[in-house]
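Report on the following structure.
So that you can tell them apart, the chains are marked A, B, C and D in the order they are listed, and the count of residues begins at 1 in each.
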Amino acid sequence: MGHDALKQSVWQANMRLVEAGLVVLTFGNASGVDRRAGVMAIKPSGVEYETLRPDDIVVLTLDGGGVVEGGLNPSSDAPTHLVLYRAFESIGGVVHTHSTYATAWAQAGREIPCFGTTHADLLHGPVPLTRPLTPDETAGDYETETGNVIVERFRRGDLNPDHFPCVLAAHHGPFTWGATPGEAVEHAIILEQLAAMALRTLAINPDAAPISPSLLDKHFLRKHGPDAYYGQKR
Amino acid sequence: MGHDALKQSVWQANMRLVEAGLVVLTFGNASGVDRRAGVMAIKPSGVEYETLRPDDIVVLTLDGGGVVEGGLNPSSDAPTHLVLYRAFESIGGVVHTHSTYATAWAQAGREIPCFGTTHADLLHGPVPLTRPLTPDETAGDYETETGNVIVERFRRGDLNPDHFPCVLAAHHGPFTWGATPGEAVEHAIILEQLAAMALRTLAINPDAAPISPSLLDKHFLRKHGPDAYYGQKR
Amino acid sequence: MGHDALKQSVWQANMRLVEAGLVVLTFGNASGVDRRAGVMAIKPSGVEYETLRPDDIVVLTLDGGGVVEGGLNPSSDAPTHLVLYRAFESIGGVVHTHSTYATAWAQAGREIPCFGTTHADLLHGPVPLTRPLTPDETAGDYETETGNVIVERFRRGDLNPDHFPCVLAAHHGPFTWGATPGEAVEHAIILEQLAAMALRTLAINPDAAPISPSLLDKHFLRKHGPDAYYGQKR
Amino acid sequence: MGHDALKQSVWQANMRLVEAGLVVLTFGNASGVDRRAGVMAIKPSGVEYETLRPDDIVVLTLDGGGVVEGGLNPSSDAPTHLVLYRAFESIGGVVHTHSTYATAWAQAGREIPCFGTTHADLLHGPVPLTRPLTPDETAGDYETETGNVIVERFRRGDLNPDHFPCVLAAHHGPFTWGATPGEAVEHAIILEQLAAMALRTLAINPDAAPISPSLLDKHFLRKHGPDAYYGQKR
């Protein structure tokens, strides 16, 4: 009864973030959605990972954000996750971290150029970056506005969230998503890798060029879409 | 009998510094204070962490610095800790490390600009930096003078130690503090993270700008102060 | 019965890649060859390392690339490995990773200069870099063409694959090889080390010079060739 | 019977190098000396650390370098160690690694400036760097000549090996020493830390200045010499 399977998968995703070294202390959160039930499950706010249990996961309604299961406050970033689930209808999991290399790009105010195939395997172009929030947006419903500028960036760039499963929130850090909470975690791991590689690429050659459109298409499409041939069954 | 609870919490804080990868060999120390009893407890000098036991923690009087419990010499940095506890009356724990990224900023003679929300979650502006000691101060009561220039930096900048729980001692390394020894350790962990991120931010964009005052206020105040809403019960 | 010994050694090599920190998620693959039997064994595509078993290793014919043992799809990079085994007749194992420093050099479009003896112990000059693939090559039999440009680079530079057991595929990442799958893994580990050191060498001194021909010869030849005297029995 | 205590301490020092992350594969070696017995003990050449046993440690005469115990070839770097023990009469242990940051400075051809107190705690000035070997020295008795240019650097600079327990061999990597093999390992660990910090210091501020002579003296002398007061009993 209730949302045990969803809470279990969200709990596992949060624990895997720690194992992957993407979070320190309580910085970071993973969520999942059950669209049929109309709910989102997310990590509680500020709880240490070592004591986190599946039953601590908080369940909210997808439309209103009211708590329907759980005795703890949801992550303060919950409103951002809700905006993403509402706008990007195909996604089933969202992850937010302050992983160091991806966050450095967000702080530097730079999109991450696609310098190689590790990047092209994950997304179909540069890692997008939001505009900074205005003072009014920051002072208002800050976490909701953080979601709004992400959606705005995708609308403005005509970006498909299935082809671009990540974004950098300016001066803040990365958000990633996927079909499941587990896939969102994997995307967070890959994003951190390609962010580190891109920084090092520029350290070796400040004039390094992005990969060609043909190689970008090849790698992205061998993993995604109708003609994908990577893996066992996609 | 004695100060067992204090010694236990100081011992735990010292061990956690090692687990967090912030110290190598015997570089680094954590202390705690019991203001009612008028004592400070601190790691002994030059003792290896793997053999360190709670009973090895040395207890000193807060006013005079005389040893009241423990058979080992206190950390040579004890006088610096004593100065901080006397000047910053709200703090309950102090940590000193040579963690590599924070120390690199101290060696570079640069305050760490606030480039993002990870930083703004911890402190309300750039990480302050002391002036170098004069030759006379260095040749004199060196460790006490190290504390004095930290306090001088806070007085000069009118900085509230509750809003700026860390400092860089020029050419030396970071000191952090908090309500407890454990919180001082957490602040040392976060400081090292934001120091690494700031270096990488500049590597990507040497002209990166600090975050806006509105975002700085938002993040600092959502974790601290009367309107904080992060976590479970602040 | 079958190719159990080959599959076992290929499985061990793949697991060692993970232990050495050279792969994240499923990025990377090791293969081995049995030239007498005319077969190559390689990791299956997109299978997680923690569930990978020796029996999952896929065996292909060396000439045609048809599967002769195993129920899973071979790594999508299998055609690249096949080209290398056919062209470089002395090698017995091949490894491909996206290890971060070596990949950064590949993305930067730079050969790795030989700055020191760690490098000279592995190979007899700079780490070679392929040209980028043309759009036609990319759109065609991409993985085979990746092998072809590696072989082209060695033919053009008159490089002996026994003296240069590694290459950077432009915008992609490193391939290494050796007498056995295990040796190919060791070469991948060393390559990542020297790639990291070379980046840091340039960070300290952008005008750093490669080592002298005499020191390059000395170190390479004390480990390789008829007068080698490093180790116990070479 | 034999030199079991010496072999045991040399074996422990070699194993600790691995635990400290200073060596990959078989790159690196630690040795110790028994001056009364006139022998040096050192790691065998090219043996993997996981199978290394105390009985594998090779014992050589200090004057002639002939093997007196052990069935394996000594490290190919043994002649360098012998030169150091003969020239620096107070030392009891020597360590050589290719640790990545110290090696990067050696490859960059730069002495490591003393940017802070972590450095000043170990040595009394910049980390010295040898000149490159000449082609004749390289082609001749290479490992002995490597020791000779280290000694030459100390004679030329009038450096006391007790005050400078480390050196960078140009284009090669660091050597460290101490009163025991264990202390030589500790110095290798600290050297790698300060090498990393110094690189990062320059990344933050390319014009960073070394510490003042007064602070250098203070930190070095609080750990070393007749007025030292760090630790429990020096």
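Here, contacts are C-beta pairs under 8 Å (C-beta built on N, C-alpha and C of every residue); 3 or more make two chains touch, one makes a residue touch a chain.
None of these values were measured; they are calculated from a predicted model.
Visitor: Can you check whether subunit B and subunit D touch via the same residue numbers (shared by over half) or via different ones?
Guide: different
Visitor: Which chain's C-alpha centroid is most distant from that of subunit A?
Guide: Checked the centroid distances; the maximum from subunit A is D.
Visitor: Determine the centre-to-centre distance between subunit A and subunit C, using the mean Cα coordinates as centres, and give it in whole Å.
Guide: About 33 Å separates the centre of subunit A from that of subunit C.
Visitor: Distance between subunit A and subunit D based on Cα centroids, please, to the nearest Å.
Guide: Once rounded, the distance between the two centres reads 46 Å.
Visitor: Give the residues of subunit D touching no fewer than two other chains, as numbers and ranges.
Guide: Each of 202-203 in subunit D touches at least two other chains.
Visitor: Could you list each pair of chains that touch one another?
Guide: A-B, A-C, B-D, C-D
Visitor: Quick check: in the complex, which residue numbers of subunit A touch subunit B?
Guide: My answer: residues 24-25, 27, 44-47, 72-73, 76, 98, 100-101, 103-110, 132-133, 135, 138-139, 142, 171-173, 199, 202-203.
Visitor: Quick check on the complex: what are the subunit C residues that touch subunit D?
Guide: 115-118, 121, 186, 189-190, 193, 196-198, 200-205, 208-209, 211-212, 214-215, 218, 222, 229-232
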